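Below, each structure is written out as structure tokens.
Two complexes, one shared chain (chain A), two partners (chain B, chain C).
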Partner chain A sequence: MSAIASSPATVHYREAFARLQPQLGGTASLRVAAMQRFAELGFPGARDEAWKYTSLRRLESRRFVPAAPTTTSVDVPPAFVAQRLVLANGSAAGPVPAAFGGFTLGTLQTAPEDQLLRTFVGGGTERFAALNAALTIGPLLLSTAAGQRSDDVVQLSLVTTGTGPTLASPRIAVRMAPGSRARLLLDHVDDGAHEHFTNAVLDIELGAGAHLTLYRLQRQGERAFHIERIESRVGENACFVLRDSQLGAALARLDTHVSLDGRAAGTEITGVFLADGSRHLDSHVLVDHRAIETTSLQDYRGIAANKGRGVFNGKAIVHAGAQKSNARQVNRNLLLTPGAEIDTKPDLEIYADDVQCSHGTTTGQLDPEALFYLRSRGLSEPEARSALTRAFAGAVMARVDEPVLARHVHDELDRRLVRLLEGSV
Partner chain B sequence: MASTPTDLDALVAQKYQHGFVTDVESDTLPPGLDEDVVRVISRIKREPQFMLDWRLRALRHWQTMANPDWAHLRIAPIDYQSISYYSAPRAKTDGPKSLDEVDPKLLATYEKLGVPLHERARLAGVAVDAVFDSVSVATTFKEKLARAGVIFCSFSDAVRNHPDLIEQYLGSVVPYADNYFAALNSAVFSDGSFVYVPQGVRCPMELSTYFRINAANTGQFERTLIIADEGSHVSYLEGCTAPMRDENQLHAAVVELVALRDASIKYSTVQNWYPGDENGVGGIYNFVTKRGECRGANSRISWTQVETGSAITWKYPSCVLSGDNSVGEFYSVALANHYQQADTGTKMIHIGRNTRSTIVAKGISAGRGQNTYRGLVKILPSAEGARNFTQCDSLLMGDKCGAHTFPYMEIKNPTAVVEHEATTSKIADDQLFYSRSRGVSEEDAVNMIVNGFCKVVFKELPMEFAVEAQNLLAVSLEGSVG
Partner chain C sequence: MLSIRDLHAQIGVRKILKGVNLEVKPGEVHAIMGPNGSGKSTLASVLAGRAGYEVTKGTAHYLGDDLLALEPEERARRGVFLAFQYPVEIPGVNNAYLLKAALNAVRKQRGLQELDAFEFLALIKDKMKLMQMDESFLSRGVNEGFSGGEKKRNEILQMAVLEPKLALLDETDSGLDIDALRVVATGVNSLRSPERAIVMITHYQRLLDYIEPDFVHVLSDGRILRTGDKSLALELEKRGYDWVKQEASAA
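Up next, the complex of A and B:
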């Protein structure tokens, strides 16, 4: 595709990029090439398979102003854990420390640029990863030393804020050295003052035997647009774990791509989403099994209510030669009220024969017999419904082994479910 | 666990059993497609004006469309202008009045294919509307069917004798603008079958048609329309083989089913067209649009297919469940061996209340075959209490083949229950080892396991088809394991 799509939106971002470029830092040619790529791809059209169930017409019609570096402090919700770093619109509020919670931190000034401003080919969010590479203002590199093991959770609070509709492009690169182990908590919030657009990129690499658990909480405001790409490459015997809670924003899309490159590499991707109100939450997971004995588990639980819409597209590709691989996908969804919608598509592409692959998905309502039982034990209808719905999400939430975060997500689900169910009964 | 190389080579080298060309003079239009070709086809068929108008609308729409590329298939570009769009066996007078008048060479063709028309028809109690290239040459059991009031005839006859039914139902399930191949078919279809089962009638026999591609360079564009009026029942069987040929041949058929209130239609297919040789040369390109609409309450449409042939299969027999309490079913076995590619599945569109659908798809991949299940289950807001169960399993034989699953589920009603499960695996070594230790040869063990894998689909097939299907699978798979 050589023709440049010149929709008013892409023109807007190109012009904004041109104005902002002197403040951005990094090699201009990298930034320009990324912007060029975004302009080439443009916004996805209605016939774009990767965006079949998610229309970006509303997003495209807005003119967000890309965030410039700022030093003003921002309000953030309390931290879940002791070690927390706050990034406003992607850049640290103050000077970036050289080390934090067991990670060595690098910035455009101190770390190799090709690690920080990488673009990714393919997938429905290639365009947005490119836009992020062009516009990100404080990309951060977190790296571990070989064999360094930490069980402490390090929290990164990513705040999108601005005096008008703002485009924030936070970008985090994580490099796990061989044999190292770490836990990272990503908390997406915004100031709620305006309709903001957060376009985030996580670029993760795990060396041999490394282990990374990433907890992700997306709890942005009712008007927020959120698009995020998590790109992860997993080496031999290494394991990448993602615990996702997709609760906020008006429209959110998360593309998680895990490439299992080394022998016996593994990944576990679990998540819960609550699409109530008129929220549109879209989760895409793609796991590439590229080596033998690789294993993957995807388990997403989705709840949709009111005018909410939940989308799940999981995919496992077992490439030729990736024998003895094991890929499992589970997706369960609850539709709580009329008007809500669930679209799910668990794909498998298998090019090797000695493999075990399965997927299962269900969509339905709460079990009337279970409801009846709880009612017969004296629970009110909303209480019974809320308890069953929490239990439904609980199967995945039980894997979130950061207790303060888990409690927060539980409480949030509870609060919204009770409000929802009391309103509907 | 491999068979000896000699065995394997011999088995893999096995030629397509039904490959031959009958030397019959054909009336064939020169290659190319434009409005004149459509007019000529319509004139040869002596069609009423509404048919010609419909065909021309379809052609004009087709000319605005692009060849679809979303399927998981690698297809060499097709030159639609190099295909001849009409071929008919030379008419001696005005067509045969009975089997005796049928060209003996044609009858011999059926003999070779194991379809001794009169014998088989009488013994099996099956009426066969045999389609040779594009024109019906013989129809049996018309009388018995006529006594029941069932209309079973070639599409051309139906257009001439029952234009009102054709005008009412043609394109009502698969509109000409539905997709690229449906539009092409609508413009140039030459013949096919038409079935009308009147109110309350249970069709006294299973209806069967053999489609066959014969004359070189002739695309085959069949069109089938089955209407089951209120409270009626019909079971329709379709089976196909094609002569061996090196050039890829295009087939774009359309099948429309309409089930009115309380009616049920069972549509079974065994498809074993020439799949190309072991190097992927030749073979049929099979692009089929099949769709049934459960228009009335309590109606039922059941698709069963065994797809072992064709170089490329692009086929999604679907059900539109409009009537309340209507039921849609799809049972499929698809096999892709050598360089075959299959992208097949179904769509279940739930519109009415308490509509139910079941999908069971079994894919077998061997050699370098690529087998894809692609399905859509759509529950519209009106489909209160809808229910779907989908199971798609893949069996892989060899490390060069592929098995893929793309199930789409769109649920817009909170009372719906939709379940999907899929597995992919190979024939387990311990299963083979056990069979071998009990004295069962490896080939037999594989056949047994594959038949077990497909059993749930085979049991949906009418008896004689089930036998043929098992044989076909065995022949198609021999030598694939090792």
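Up next, the complex of A and C:
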């Protein structure tokens, strides 16, 4: 390894990687190249446009220990659905079953490495996806057979845990064969015992006519750092749906990149985030329309309160030749208390002439007239504020068509809203 | 029940109420009429506790308590109901939720058990029929996409469900066609009772053909200039508000 970056944090992870490498599976050269890429890019600087509103100074100042393979079992919250697999720091606690709902499971021992340890070019999280590829200990490949359709939701619980501040690098690759259909729930939690750093990667490909719904719940503890990249390539007539609930961690960043590669490929990316306390939640969405008749919808609802800070950056690029495409972006933000902040930036680049694109973004407070209306009917101020805030998130929450998960997110929003509203009035 | 003495209120530096006196007893129906800008809606807003109004002088007592010292929800729970002139659309909060939450808040105050979903549905079914409202309305957002008439009917439905002691109707007749006006009036009349007082604020005499008041007051430039029975409303209809103003300034 040549010495490229001199940042103490980068040096720390390179050294940790060198110590851990004998325990990591896969071809060493792939891992080394990924580590090299991370070292080249290093942590983002203050002038990095992709990190304009999110400082990683705190994260960079910590020295997390990359997780080593372990077999100790961990405590996890109850499952939302019948079929669930628990991954501790990215690797399965026990033997990996061969099948999981409609998916076949593959590991570094059984699946092609180039599918499991890919890096991605571009975006603010390229560095972290590379770091993940270097350090991930139990990457899983979930694949479907052509035409295999399953409506059951299967859950992956990703737990970050350790006896000291730990870096977990979970990585899930999903390969949807043509005409297949699946629903996957991703639940991010941690043990709350230490300040952990979760650096996750989802690498998704949908063949022609395939359909994947990914429910994502990030509910890590108050001290957690969380960075995640969802990379998705969507083939002809295929559709990738993401229902995101970004509720936890002290600092979280999610980059979702969807490339609509085939004719009439589509995506729906909807989510809600709640930046209360002193939470910092940053969501970046980028959709590339690369073929004709492709469609995308981005709809995020952000709520911030107290010293919480939200960032939403949604972008759609309609490339030359992607005629008759339709790109819609909506981002609505609610500031519940003074001092909270949400920075939002809708962005649209169009290089085709026969397209329909729209974007709308709003940031505001609860409507005082609506508040008064509810109070004049006998609802207390916290009740009224909570009802209006739930209504605000409701349009997006209504799309979460997994009832147990939806109930949980509703209750969690309720619980936290009532707590913070009662505290503030 | 409601006793208003020398009430002065303003928005910012603009003085709107300039010494209102009004006594309302249980069982009575009062109509407050007056030209635009006379302070009618301000009076309703101040009594219901809307923010943005400063009471600079005078008092309003409700059942012996200082009404103006209570939070809006506290007034509602003790039996004061304001039917809004412009009911607010609240997408995402459904009518059933609001009705149930409001009813249970009032019941709790009265020392009654909260209603469960079945009891609640049984209770509102009749009231909805009375207001000619379809059951599908319950799952819709509060006033969301309602026509003007539907919004006003919804206000009266809420009132019928909450059974207030003191109902303030702020221009409930505005924007209603004759059929909707009849439905609204039927709803209001069904709530007339010896224990309940109703104060209707209106610009036109028309509403009073359907809901007969015991007293009619003319509010002008922030003061009640004249009080009479329902014949005063008819006289106003014929002679306009200027007549009252002139008489008042002559006196």
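Here is the rule we use: the second predicted complex is superposed on the first by the 422 of 425 C-alpha atoms of A that agree within 3 Å, B and C clash if a C-alpha of one lies under 4 Å from a C-alpha of the other, contacts with A are read in each partner's own complex, and residues count from 1 in each chain.
Basically, a contact is a pair of C-beta atoms (placed from the backbone, for glycine too) under 8 Å apart; a residue touches a chain by one contact, two chains touch by 3 or more.
Treat the numbers as computed from the prediction; the structure is a model and nothing was measured.
With both structures placed on the common chain, the touch criterion links A:K324 to neither chain B nor chain C. Once the two complexes are laid over each other on the shared chain, residue contacts for A:R263 go to neither chain B nor chain C.
In the superposed three-chain model, the partner touching more residues of chain A is B, compared with the other of chain B and chain C. In the superposed model, A:H12 makes contact with neither chain B nor chain C. Of the two partner chains placed around the shared chain by superposition, chain C is the only one that A:G394 touches, whereas chain B remains out of contact. In the overlay built on the shared chain, the residue A:A352 is in contact with chain B alone; chain C does not reach it.
By the touch criterion defined above, A:L374 reaches chain C but does not reach chain B. By the touch criterion defined above, A:K307 reaches neither chain B nor chain C. Chain A makes touch with chain C in their complex at residues 367-370, 372-381, 383-384, 387-388, 390-392, 394-395.
Contacts from chain C toward chain A in the complex involve residues 48-51, 71-73, 75-77, 81-82, 84, 87-88, 90-93, 97-98, 101-102, 105-106, 109, 141-142, 158, 162.
Of all residues in chain B, only 70, 72, 381, 394, 396-426 touch chain A in the complex they form. Listing the residues of chain A that touch chain B in their complex gives 49, 53, 320-321, 323, 333, 335-365.
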